[in-house]
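These are the structures, in structure tokens.
After this come two complexes, each holding chain A, first together with chain B and then together with chain C.
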Partner chain A sequence: MAMFSSRNWREYPQRYRMEASRFKKSGKTYFPPRTVDPETGDTKQEMVRLPEIGKLLTYTVIRVAPSMWGDEGPYALGVAEMTDGTRVMAQITDCDVEKVKIGMEVRVEFRRIQSEGSAGVLSYGYKFVPKWF
Partner chain B sequence: MAGIVGYGAHLPRHRIKVEEIAKVWGADAPSYKKGLMLREKSVPPPDMDTITLSVEAARRALIRAQTVDPKDIGAIYIGSESHPYAVKPSGTTVAEAIGATPDIHCADFEFACKAGSEAMFVAMSHVDAGHMKYALGIAADTSQGAPSDALEFSAAAGAGAFIMGKENMIAECLFTHSYMTDMPDFWRREHEFYPQHGGRFTGEEAYFATTKGASIALLKKSGMKPEDFKYAVFHQPNGKFPQRVAKELGFTQEQIDPGWLAPRLGNTYSGASPIGLTATLDVSQPGDLIFMCSYGSGAGSDAFVWEVTDRINEVRDLTVRTHKLLDENLTYIDYGTYAKFRHKIKKNY
Partner chain C sequence: MREVCVVGIGMSKWGEVWRRSLRQLFVDAAMEAIKDSGVDHLDSLYVGCMSSGMFVQQEHVGALCADYLGMAGLPAARVESACASGGIAVRQAFLEVASGASEIVMASGVEKMTDCSGDDATSALAGAADQEYEVFHGATFPGLYAMIAHAHMDRYGTTPEMLAAVSVKNHHNGAMNPVAQYPFEVSVDRVLGSVMVADPLHILDCSPITDGAAAVIVTSEEVARKLGKPYVKIIGSGLATDTIAIAQRDDITAIKSAGMALDRALKMTNRKLSDVQFAEMHDCFTIAEIVVMESIGLYKPGQAGPAVLAGETALDGKFPINSSGGLKSKGHPVGATGVAQVIEVFKQLTGRAEGGRQLPGSPKIGMTQNMGGTGASSAVHILEVA
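Let's turn to the complex of A and B:
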């Protein structure tokens, strides 16, 4: 339990605010953030916040979910290309799995990601919802 | 005085109809619909709670605030009777999510359905006192109602967020009045899942006496009459109560219409009159006066007079309007799905 709450806490910048790393030399943005650009070895970077709108590139449907998400199944996990070109993987929520389509526009929303049973820590972060406004 | 420099709302997309709840409990749907003046209510899915609703509403408030740097927000207060943790604040998660930490003051407020207007009141008071440049007051709930209880037909979810400041206001607060007595009309004891209430006792002596007490005192304090206002928003535990109290105070149906959300939204508890205010601001024009009066069992009302400024035309459509969240992109669910979403089914984990 304690291990999870500390790991969760360390990931707040990316999970809560979608903070990514943009490297100086290549101009490339990585999400989740990295300390070293794997292509150039560059460590000089700036923090950028990703846009909230993207387009779904691919997805998969989870029908037999791990116990923490068992009540939510079936649900889709997808990779979207955000409007700045960065790719992000997230759960697609508020959407019937039969209605998930490659190419659909998605919006990032702040949601509860998981609960450690009824007594443990709650973790929050980004999910995709179909963009409708 | 200080006022609102940014506002935003968030609602779940899921709805359940009164008929769907009534059929499970053998209740007469037409009489509930007529008695409560309510057709359906919002339902939060399992990954939505007071914290997530607050974050989305706060982000929209920041969009409408345009130039406010989250680091300049000196306080975040969230009023709710459904904070996800018994011990661990909701406000710090919201502060972290909008990038307002660490130089900030946070507190979670509770006061039945009045917690949201308290958060707004205290946030605004800090700005007025000059303690900070901006403060964020949030009203949010994923309300509880016991299965088969009358409250189950109305207990809903939603959030409204208001960034208070003194410059570039969207609506300036001209007057406030608060009115409190010790009233045992509705309560929830520690470790209980659902609130208890006094049935008919929650009406005349509680909701109506308190709402009128605060409203009449505010009208007197401001020297204003109901007809001076373009709009009015009251706490709305159902569709009927706000309509009746408005009429008894001398306000018209046209004045309450934009913020009278309960018939389709249900009772969002702490969120009720604040979300009604967001919907009213969405349609208001510069110079309009808005009367607002919350109500929380236990019991008390916070009442406000807002004067809308020219900035409303600039900001109202920078993000989604509240009525769009209320009317569009809805998913109707059955009672089984609702019971699962609201954790009303016993399981051994």
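Let's turn to the complex of A and C:
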């Protein structure tokens, strides 16, 4: 399917800068940003950027990957809890996939993610790398 | 609300059914259900279908199915909630009959998944997850459930052997089901020795890609009595949703929507979970069955894996799960699965389960749990012998 670039650049604030929404009433931060706070129904919010450090809550190693990821497999993918408590899913890169562990500290880096759709729009965003790198 | 009953069931052939199209699969199941029930007309039709648009580029499935059933003119609509589409088709039929708006409604589901490449099928199925924040980063469905599995193993000590035991049990049951796509036994060693898809899930932890359709006739008790055949009552129906992405959930090791849907279904009845004797559960991956067992309150967190290993959910166990073979062995044509679960419970309650998988002791109450995506939606039905 053709992928229009608007679908890509619309997400830049999240993919490039990890912009999240923090609601005034509850003080809760959501990533990706939401219009409505699920806890309070509040819509008053400010933009905050997520911290760049987190800890892996869970992960997997994708060994059978769709062909668009084929030349990158096996790749690790995980959910990290960032230092402010928000949770983010991203690939874990720059490390041996066999050494990825729950509880591992990760840092966010800006990387090429994929080329989307038949138009091959290059998409960039965040990936996790082990913190010791 | 008035009493609602299931009076007839029908299934197409399930598997890689290259000779049958989307519409033909539906008609095969629908004709069988009509014949089985003895009804002489339908008042409306619901078709659960997840992604015919991506699998075979066909939308507008409600009209298509009514048309090819020879009933153009019939009120008909498609219901979509990913892999819970079928369960929700049953729920819509239930509500329509319960409200008194219709007397005889067909709840059906269909999916034609093998007319496209495995890659295209994977990408269609991924539509049940969060495209921008999961799939964009390389998540596949096995990958998402694998992350649930790793978190569960880390917190509760669940092992790959416990996951494999779900597959072994469901294949054992499916081997007795004449409609099952993969009606053969597997051993724990074979599951653990099969190709790793997404750590810690092997290919034999995963349900397959399947063509197939299923249909049930839902009606009032008055009509059911007049038809004069064994029927079952739908005594409870519950539906619940959760965040679309697993990262947004407080607890990645639970599927909250399953518990909420069950509570809502039970609330319609004067029954408790302990009155329910068996279940068809959404074992799209082996870990899913374990997590759902815990999330509906059947077992404490961390206790479901050991219970499966101990045989507590086998055909002769204290709470049999997936006597049909489940999604794992019977197959998983996503839109049809929720309807087929109701068919298995109907068969068990009316003594019609084939091949030696009929549950002992004539059970009176059974349930179905059908879910979409990683549990962002769950539909539960409780059925009782009439």
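Methods note: the second predicted complex is superposed on the first by the 124 of 133 C-alpha atoms of A that agree within 3 Å, B and C clash if a C-alpha of one lies under 4 Å from a C-alpha of the other, contacts with A are read in each partner's own complex, and residues count from 1 in each chain.
Rule of thumb we're sticking to: a contact is a pair of C-beta atoms (placed from the backbone, for glycine too) under 8 Å apart; a residue touches a chain by one contact, two chains touch by 3 or more.
Here the structure is a predicted model, which is why all the values come from computation and not from measurement.
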Which partner does A:Arg111 contact after superposing on A: first (chain B), second (chain C), both, neither? first
Per-residue contact with chain A, leading partner among chain C and chain B: C
Applying the document's definition of touch, where does A:Ile102 land relative to chain B and chain C: first, second, both, or neither? second
Who does A:Val79 touch here: chain B (first), chain C (second), both, or neither? second
Just to be sure I read the superposition right, which of the two partners does A:Tyr124 touch: chain B = first, chain C = second, or both, or neither? first
Once the shared chain is lined up, is A:Asp94 touching chain B (first), chain C (second), both, or neither of them? first
Between chain B (first) and chain C (second), which does A:Thr58 come into contact with in this model arrangement: first, second, both, or neither? second
I'd like to check the shared interface: which positions of chain A are touched by both chain B and chain C across the two complexes? 72, 113
Would you pull the chain A residues touching chain C in the complex into a rising list? 11, 32, 57-67, 69, 72, 75, 77-79, 87-91, 102, 113-114, 123, 125
For the complex, give me every residue of chain B touching chain A. 13, 45-49, 51-52, 55-56, 59, 84-85, 93, 96-97, 99, 320, 324, 328-329, 331, 340, 349
For the chain C and chain A complex, residues of the former touching the latter: 119, 122-123, 126, 132-134, 136-140, 142-143, 146-148, 150-151, 154, 195-201, 203, 245-248, 252
Touch list for chain A against partner chain B, complex: 12, 16-17, 71-72, 93-94, 109-113, 117-118, 122, 124, 127, 132-133
